[in-house]
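You will see two complexes here that share chain A, one where it goes with chain B and one where it goes with chain C.
Let's turn to the complex of A and B:
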């Protein structure tokens, strides 16, 4: 007779690895299936891990995990065609254990994460794809994968944004282009000493740098540069619906960005080693599917647990926290020997207790606000124009800054619009 | 860095290309489509507009799912490549 698992976790990203790890640690017979040849083979991101979710699981993980650099500085820039205006934040604590964030490349990192789940006792089957769900009347009873039927008491869908299983369980409607951002990224190799010189880094220090501005041509989105050990992760995030409406591809926006004089100087002499793309569900609370049914739970990107505030994009810590909550719900269900919908209904309660549903509720108006195209064109232009007037010395008598501001606003944005947007900011962020 | 075409960029990636096609389009439907959203949504340039019709090649696909989401005419038969095939990121 075939082995029946307590739990099958589909997907070995951060949600699946966490969930599988916690289940195995609690003694449940756990199988994690991952369609990539190895965990990480199908995954890309910006990206940086933030927050304490990971070191709650693995204290001092940075000593063993394949971390690129710790994020010691955050920088944010507004770009116009040929100017840039930047703000930077750093604090001593960012440079000390347990640190605040880490730049990470997924191929290595996910592989490590999956090995932790394996050490805890989970069975990891890579190169295996869940093709369908097994049903026992209205209850999910396992998966079909690689032509086999694999029975289990419960299935946890951690299969990412394109979650086929959540669709097959009938818990999610069609994804809409407006709710999705597309990320495209290049990994650009640069000799370590040159990279550290250009970004003013020493040792394992790293920088997370976000940009918005004219390079997205008014399309909601932005660009990022993360420093790795010997490479840069350089990418664009852009709303899928707006790309289609404006008839422009994300790669064209990326090229626009890379050609900005301030950016080009950072990338000069670099060597492209990989080009990748992935989707992000960014409409927050509004797009969360039904989270559980009989014998079935959804976690991570599959459940649209991503927080996008314009300044930050966080998904990995939400994936980890929701993977933990899903595992806890399953462990309780196992104690009761009841994996019904009713028994699993503690899952959303556990999510409400953690930051996952709290943060998504706090920022539930953020995604609508971030569709405001003024953020991506008029405001960066206004700010750079004003800075230009303040800092350019043309030998003429100086004007008051207020006057300069009024002058810069002319033809760009009305005072009433700024006021309206400020009120929106207060509501959304 | 000089700007490279998508094709040049993809040449850096590691793929295990399957003989089996995992994404295909219904050319009869595409013929009647004016928007061609897929052209702008696909980051891997798998869709091409030649004269007046859309052609598709699956080999460079990054498995992102954009095309299936933007096509409002259900003209795309979209699946993931068989396990172990397709894109295999070395960095990610």
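Let's turn to the complex of A and C:
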């Protein structure tokens, strides 16, 4: 029974499932260990899954995977205390296969994903936590889990943002609160017909809705609402260091958000069925650890592969793409029967060829730019105030919009600041 | 020593009662979504007791469960702890069974497994808390039964079973094969080891259907129930809070005592 595995993948999130699936499919003896009672048991995300990474693995996966809805509309809103200003985008293509994005709930989705890896031949050991690495001199030679030593030629850490194993392999320093956002999310059940009526959806259509504004009290972050079949995923994401400095709980910000009149109306009569919290590594390229060493690779959130541009938050597709690249590197290493650092060095090359490191490089200045507190208070206020002046009819003679804008800017933000921020946007986004 | 352990899947007992819903129509209890069910804690202790016997005397442990979703997760949990074989009994025909039909199905399965010295059940299933199944199996198979077992040993070819009582214990000597229902005094069940989880995860779990058992169709499923559930409801509990004031602590205490007496509490 006891054996040596070709590869042990730690964590059955999107990165681990992809990596384990690809390795098993290539015929490697693969073990995936997951500490949750089942894959997805304790996992959370906002809930929208973007891009073609998944259908490259499983063509027409939407026909079999537990998808909630396909995202056919994106909406973005600026909120002040009692007003909101929104923009929406939709296009016919988003409503047709292969679609552009999906809302999913992870308890079901990860479970499905892990079962695909199992069908491909990987062994999935759930309820098992990797406690430490096994070493053979300076080479990682497996893991310790459940009181046993489990030997393997290579270990792939897909253990998420808090990646203990990356720490233990000595590939990264302490995570800094400034580089991390705290996410909290509620799943709120709403009868299907009511949900579709409120969000103007039909069939399997869904909406991804992002918000920024006064509800974060100047803390860099935002909120989201994603529509599921019969529930809403409602959450906020806020920079950890700012929360600590201001001694505000992320949960308070979520309550703030939920009480906004435009939001409250969407949630009315709903039934809270799930609450969860999770961290997100959002500093992009600046916080990527060393990605490999002898007998060891890092992928997904463990490697901080998350793209946060303010308008979108993408991590799942980066997890899948990096899981694929890690598997490819290991398959090549297996052919050479050499799992040394040198042999695994094709991993970052593969990532550079894919969107993973390209996107993170393109947006490497985004996280710094997104720390600008004007984005979260002054600009939403300015925009809503201007809209208010344009749309309010008080029976008095109207002014030119330019005049109104100047008026709205007074005491809020100077032209020079706007100019500086515009230049920053050009650099960062 | 060869042991068969019956294990049941139940909703997690940690779920607060308010999260359950009732379907009055079909008289069913609906647990909240997303919280995975668990192995009945007493059954996990029965597996632990069986493993202690196996550690000492060797032999084979087979776990049985009736689960109409054909869910293998709790059988795999027992295998991960160290049991050798697991079988899931699943068939539409089993649906709606009461304790008698459940016991009939399990009795038939136990006979099909054959070759056993001891059958272990939990003292009760922590969902309905009836504590009947073990006893009915013993009756069905005409075997000796000890309830509330805390420990089992073998002395002179007989089982020595320690049974928990309110303020002490009894020791029974029973010939094999026998049935025992296991109490929580067994103590903490062992955690599955790494290799245990891996080998359990690899194992194919056979699913036995009604046709695989020599079950009497008139004894299983909803049509065979001997008891009818008349009403299922959540009792209304009222809570009231009254603040009793007083100038001094003594005065407030006296008033409190008077109030409690008036309410009939003391």
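By our rule, the second predicted complex is superposed on the first by the 428 of 429 C-alpha atoms of A that agree within 3 Å, B and C clash if a C-alpha of one lies under 4 Å from a C-alpha of the other, contacts with A are read in each partner's own complex, and residues count from 1 in each chain.
Operating definition for what follows: a residue touches a chain if its C-beta (ideal position, glycine included) is under 8 Å from a C-beta of that chain, and two chains touch if they have at least 3 such contacts.
Model, not experiment: these values are computed from the prediction.
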Exercise for the section: Please indicate which partner A:146 is in contact with in the superposed arrangement: first for chain B, second for chain C, both, or neither. Expected result: both
Exercise for the section: Mind working out whether A:127 is in touch with chain B, chain C, both or neither, as first, second, both or neither? Expected result: both
Practice task
Could you tell me if A:41 is touching chain B, chain C, both of them or neither one (first, second, both, neither)?
Solution key: both
Exercise for the section: Check the residue A:107 against both partner chains and state whether it touches chain B (first), chain C (second), both, or neither. Expected result: both
Fill in the blank from the handout: Partner touching more residues of chain A, chain B vs chain C, is chain B
Practice task
Would you check which partner chain A:337 touches, where first means chain B only, second means chain C only, and both and neither mean what they say?
Solution key: neither
Practice task
With the two complexes superposed on chain A, say which partner A:137 touches: chain B (first), chain C (second), both, or neither.
Solution key: neither
Exercise for the section: Give one of first, second, both or neither to describe whether A:193 is in contact with chain B, with chain C, with both, or with none. Expected result: neither
Practice task
Considering only touches as defined above, state whether A:426 meets chain B (first), chain C (second), both or neither.
Solution key: neither
Exercise for the section: Report for A:267: first if it touches chain B alone, second if chain C alone, otherwise both or neither. Expected result: first
Handout entry: Common interface residues of chain A - those touching chain B in one complex and chain C in the other
Key = 37, 41, 107, 127-128, 145-146, 273-274
Completion exercise
chain A contacts chain C in the complex at 1-2, 31, 37-38, 41, 107, 123-128, 144-150, 273-274
Fill in the blank from the handout: The answer for chain B against chain A in the complex is residues 1, 3-4, 6, 9-10, 12-13, 16, 35, 37, 39-45, 62-66, 69-70, 80, 82-84, 86-92
Completion exercise
chain A residues touching chain B in their complex are 35-37, 40-45, 105-110, 127-129, 145-146, 161-162, 164, 174-177, 180, 182, 184, 186-188, 231, 240-241, 243-244, 246-251, 255, 258-259, 264, 267-270, 272-279
Exercise for the section: Name, in rising order, each residue of chain C that touches chain A in their complex. Expected result: 32-34, 36, 73, 77, 80, 191-199, 201-202
